[in-house]
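What follows is a set of structures for review.
Heads up, the next two complexes both have chain A, just with different partners, chain B and then chain C.
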Partner chain A sequence: MSATVDRRPGPLARLPGVAAMLIVLVVVFALASPDFATLPNLSNVLVQSSVLLLLALPMTFVIMTEGLDISVGAVLTLGTLSVAATALATGSLVLAFLAGLGTGLAFGFFNGWLVAYLDLPPFVATLGSFSIAQGLALALSGGQSITGMPPGLLAIYSGTVLHIPVPILIIVIAYAVMHGLLYRTPFGTYIFALGGNREALVLAGIPPRLMLAAVYALSGLMAGIGALLLTARLNAGHPTAGIGMEFDAIAAVAVGGTAFERGNGWLFGTVLGVFAIGILRNGMDLLALPSSLEVACIGLLVIAAFLIEAIKGEQP
Partner chain B sequence: MIDILERPAQTTVDDAPPLLELRGISKSFVGVKALGDVDLAVWPGEIHMLLGENGAGKSTLMKVLCGAVRPDNGRFLHHGQPVAIASAADARRLGIAVIFQEFSLVPYLDIAHNIFFGRTFRGRIPGTLDRRRLYEEARRVLDMIGFTIDPRLKVHQLGVAQQQMVEIAKALSQNARILVMDEPTAALSDRESDQLFAMIQRLKADNVAIIYISHRMAEVFALGDRITVLRDGQRISTLLPGEATPEELVRLMVGRSVNMTYPRHFRAPGPTILEVRGVSAETGIADISLDVKEGEIVGLCGLVGSGRTEVARAIFGADRVTSGEVRVFGRIRRGGPDASTKLGMALIPESRKTEGLALIHSVGDNLVLAGLDRLFPKRLFWPKAARRKAEEIVERLRIATASTLRSVRTLSGGSQQKVVIGKWLPAGARLFIFDEPTRGIDIGAKAQIFALIDELVQAGAGVLMISSEQSEIVHVCDRAYVMRAGRIAGELSRAALTAENILRLGMHE
Partner chain C sequence: MSAILRRPQLPEALLQSLPRLLALLLLCLSLSLLSDVFLTWGNAINVLRQTSLLFIGASGLTLVVLTAGLDLSVGSTIGLAACVAGTVIKATGEPLLGALCAIGIGAAAGLLNGLMVAMLRIPSFIATYGMLWVLQGLAYFYMAGQAVFGFPHGFRQLGRGLFLGIPIPIFVMAAVLTLGSFILRSTTVGQQIYAIGGNAVSARLSGVPVRRRLLLVYVLSGTMAGVASLVFLAQLNSAQADIGSTLTLPAIAAVLVGGTSLFGGVGSLSGTFIGALLLTLVLNGMNLLDVDAAWQPLATGCIILAAVYLDTRASRSRRG
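Let's look at the complex of A and B:
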């Protein structure tokens, strides 16, 4: 017995590491650039973070099951090509959207089947799908962008409803749904159990494999929705559109305080993690720093987030 | 000795069929027979004790009862009517609830969600949970067992005993009519156990049938209405407590006669090898001073939560010490567990699965792990030499394993504990700290563990032993320190070492 002696953390230790880092980033960039702390710029950060958030939310679930989905960037890429090709061929945005969703779901189910039913390690399974999706994307596009989109597409990314940009509405809805799913439904409790204690599911008569497969399917589905948004943003399908996005998504989840074991996850932390990465990129753009440096700084962010958590863990 | 499957004499209504009856249950796993033709019957308001060594088939039987494992053969009768238990839902419908020793709790869900895990209170929006109802119901169930705790606390924040209470609440919340408990007191202090027993008696009065697995003879005789002994997957005998002595039960369990007395050869202690002076740590212990001499087994007792484990960790350097000093073989210990190991100290933790063993690795790998530096001073690993050393330890400690290549996970609790102890032998450890060395271990293996500890001490080692079982402390130890609320409340010499004295010192004023 070790947990019986009371160790209540102080107020500073209870502030999540990611929140502290977010505050530091905002203060630093606000001081360094007069353009940073303006409403249009901050709204821009949210809009630019929208696709990443759509990937990072379900990635939180995947990581809570002690898994990983590194295929989402490539699935996103393939999704934009599906959306663009369908839009070009049919002129219908609805069909284009369905094509993107279908692509995402197909890979989600495929990953879920590999991981949950064939017991492949998640890293290996999704690395395989990553290559398949990226390869298909290059083959289908011949390495070229697909352009000539119908006029309505652009409005999905740059339009507003009641003065609020559409991408912001989409991520607010996406977060609300995901939050509800994790914290307000039985399925959410199963996600905690998949990483925390799979035996609990078996004993309660709930099929763990089916639930695990569903988590990967959800990840694919959200990549499909992200594909629509990204295609609208580029007004084209591009064979490298989503490259590296899986790493940003995993980084956001890690920065947000979700541990990689025992089902210890925090969904809103992921949102903060996405914003931290978004603000970092935006702030460095404003200061005209080279974008290659941004990638390195995201790495520092991940390490700093884990260090803060580790230091907090030691101090009572 | 008569074998009785019939209804016990002391229950009230005659010739009513049992609440649940198992007939001829058999189950094999890839060629290994786990259960062979087992019969078992429980009546309402009966506490049916189930005894058997690890590997006797108790856990398989429990899994059969809760629908997690389907038997190859056999029938279930509920109130005399044939029923099927093919799934967890079937078992739940029949009012069967099982409390496992390996907790079925989810660490990062709160208490309320864990209690009602897998069941739903439908919320207003389809597919959602009614959280207000959830917390109300959780509160009601927790009140029922007299457990005052915030149901919003996450399970990973709780201690083992508290988790056990949540586990019980979870079972009771299903309106269980048949409650199966696997060593429920293994993680509890005596006071907590008493609370549990009172609750069990209330359930019994409420006509709940209880199947209770235990390794503790005192419990078997204090609680049991009938006792069933399993061995090698077979039901050996079912008897009334008045008909059997503890020695007989042990003989039935192991199939041979086992000396129940604790194997201990007391000798005159040698020089002091562990000296702890005024140690305090952030984990809540303060001003701890104690000694261990060569050839001694020194007990460290007190209620669960009094800081015993924290003392062990502070001495070993696993937690930071804020004041005081620890001398090992006359030298001041500086640094962490690594330094302690080099000085010849070994800590055998309570949760051997998470702290003491690399479960996925082989018996051989685990055995040489702690002594790598000493076995291979040139830092080159020779698999053959490592294997020879491991085999030598397996033989010396009589670890029941087919080969040193087997995964530790496949061993019984007693054998795993021997591996944890054995891995310190190549490391040259001569000061051992045991934290609950016999938790979850059956009687046959317990005696072997104590024989092993005795052997270590005979060979000149010193031992500090934490145990919640007072009889262990009383029979095995040269002396004992009793802890209360993070401090040492007193020291008991061999002559003064009685259960009453331990209790008197350890109880809160």
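Let's look at the complex of A and C:
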């Protein structure tokens, strides 16, 4: 199996795991809360999941290369601070957006350099940059929020175009681009090969290190875009805004059925995983359960996903 | 059998830790030049007291890393165990009951980690990362925003008490270090732990009960986190839900800086002690030189990256 490169999107056999979880969650919450299965609430789930989706899509790529990016939550945090600080200082949303993108890209390249060129284990490399980004966020902000944003910023999160909320448009575009990148370009093939068969890349004359670094850079870049959306949502920059988001992103990818070895990934599964987590959080909010339990339940969701995989793996 | 063991013999172990001892010496030298307070008995005892907490928490983690695994839940295990033990001691006035709760929670969390890793074959960093959030969520839920503080004098001796002028946690650290090093060096179980990290497949083929040993290692990691939570609780004299969150990173850093390889099979508890001491000295130095505490995670992150970079280079040159 490891010798071949599985290029096709998810085989139907993989669908039941995450789809079954989604159906169970929807049915349970629809029965438990009358407010759950309403159009405004479901649209709300989509909007609230937008930042997470921006992180989880490139995380799928990273995990397909048998890597991991622990730093995205902290980079997102630092990104919101750059966006907010730039918006406050210049009043320009374009410059603020560029500052967020720059922060994300800088950490993405740093991670890519650590993993691809210095050969550090991805987990520890990104744990180190997580610590650096979070440390910078706390130290530079002095633990304070940055408020007083220009008036246009809010529209990026709460505005609508043709009655469709802007965040939903952003995630549809982001998914289309990432889907195209993975399934329609040579770069996508390289991503599958990085996890499945790295020697094949070398033999084909493709520089595997450069491709691997590009995957981490992409992850940083998307965190930068997410930072703009999150800053607009909070209408402020906050030194703990993105804490734990990397866990939700990894959980979404795991729940979505992307394997942590052999380069088997399924991008739309990640989307379903993001929705499963979004629905879980939204439903528990509606039932007024404490948010600390949401975190514990997402942990259980991940373990359940692995259990399903393990059971399926034992009966081929 | 001996071919797959990479247990460091004494001269080799000394050679491996030589750069670290040198770094330790340099650090002490520069700190004593930069600060008048550094070379005082009070500060030395203070550093060792902080080292002891870090070392006890990282000791079980060292075993996990020796098997080429990782336990990210150490910090939140300490947090939850400290919260439960604190409330139990406060409510009943029985330190022993609280200690049992803390160690029980640690062992249970470790057992769950071990089951996920050894039986379900979930990658250890994912399983324990999930556990990190489960335990942290439970701690927040359990404490509901409250803090518990003010424990009986007898219990506080564990963290604050002196014996022969030396704080009791330092004795606990010495006991863990001696006993743990003995088990790792001189018992079959210890050799099997190194063998699993060196090459799990050949370990299994040579008759090592890999799953049972993995289970044991994760249970020990959780149990030691439970012990650390008691020392932490007695030192701090208070507990709230978030106290564990800042401990995971330093614990991992102590293990890696101490020369235990992430690829498994290479390392030692004495290395982790040196790593914990180095890290504590850096943070102590930052305190003495009036650096804002907010920069500490940044320093820890850089130290982790540097240590792992050196480790990766060393292991590549070992493989040729």
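FYI, the second predicted complex is superposed on the first by the 298 of 316 C-alpha atoms of A that agree within 3 Å, B and C clash if a C-alpha of one lies under 4 Å from a C-alpha of the other, contacts with A are read in each partner's own complex, and residues count from 1 in each chain.
The rule we apply is simple: a residue touches a chain if its C-beta (ideal position, glycine included) is under 8 Å from a C-beta of that chain, and two chains touch if they have at least 3 such contacts.
Just so we're clear, the structure is a prediction, and the values are computed from it rather than from any experiment.
Enquirer: Looking at the overlay, what does A:Asp119 touch: chain B (first), chain C (second), both, or neither?
Expert: After superposing on A, A:Asp119 lies in contact with chain C but is clear of chain B.
Enquirer: For A:Gly244, is the partner it touches chain B (first), chain C (second), both, or none of the two (neither)?
Expert: A:Gly244: touches chain C, not chain B.
Enquirer: Kindly classify A:Leu293 by the partners it touches after superposition: chain B alone (first), chain C alone (second), both, or neither?
Expert: second
Enquirer: Have a look at where A:Phe61 lands relative to chain B and chain C in the superposition and call it first, second, both or neither.
Expert: neither
Enquirer: Using the superposition on chain A described above, determine whether A:Ile206 touches chain B (first), chain C (second), both, or neither.
Expert: first
Enquirer: Compare chain B and chain C by how many residues of chain A each one touches, and report the one with more.
Expert: C
Enquirer: So which bits of chain A does chain B touch that chain C touches too?
Expert: Dual-contact residues (chain A): none.
Enquirer: Under the touch definition given earlier, write down the residues of chain B that touch chain A in their complex.
Expert: So the residues of chain B touching chain A come out as 66-68, 87-89, 92, 98, 100, 102-109, 113, 117-120, 123, 125, 127-129, 131, 156-161, 187, 282-285, 304-305, 307-310, 313, 350, 486.
Enquirer: If we count contacts the way the header does, which residues on chain A are in touch with chain B in the complex?
Expert: Those residues of chain A that touch chain B are 1-7, 180, 184-186, 189, 192-193, 195-197, 199-206, 262-265, 316.
Enquirer: Considering the complex alone, what residue numbers of chain A touch chain C?
Expert: Contacts found on chain A: 68, 114, 118-121, 123-125, 127-132, 134-136, 138-139, 142-143, 244, 247, 250-251, 254, 260, 290, 292-300, 302-303, 306-307, 310.
Enquirer: What residues on chain C touch chain A, complex-wise?
Expert: Checking each residue of chain C against chain A gives 70, 116, 120-123, 125-127, 129-131, 133-134, 136-141, 144, 241, 249, 252, 256, 262, 292, 294-302, 304-305, 308-309, 312, 316.
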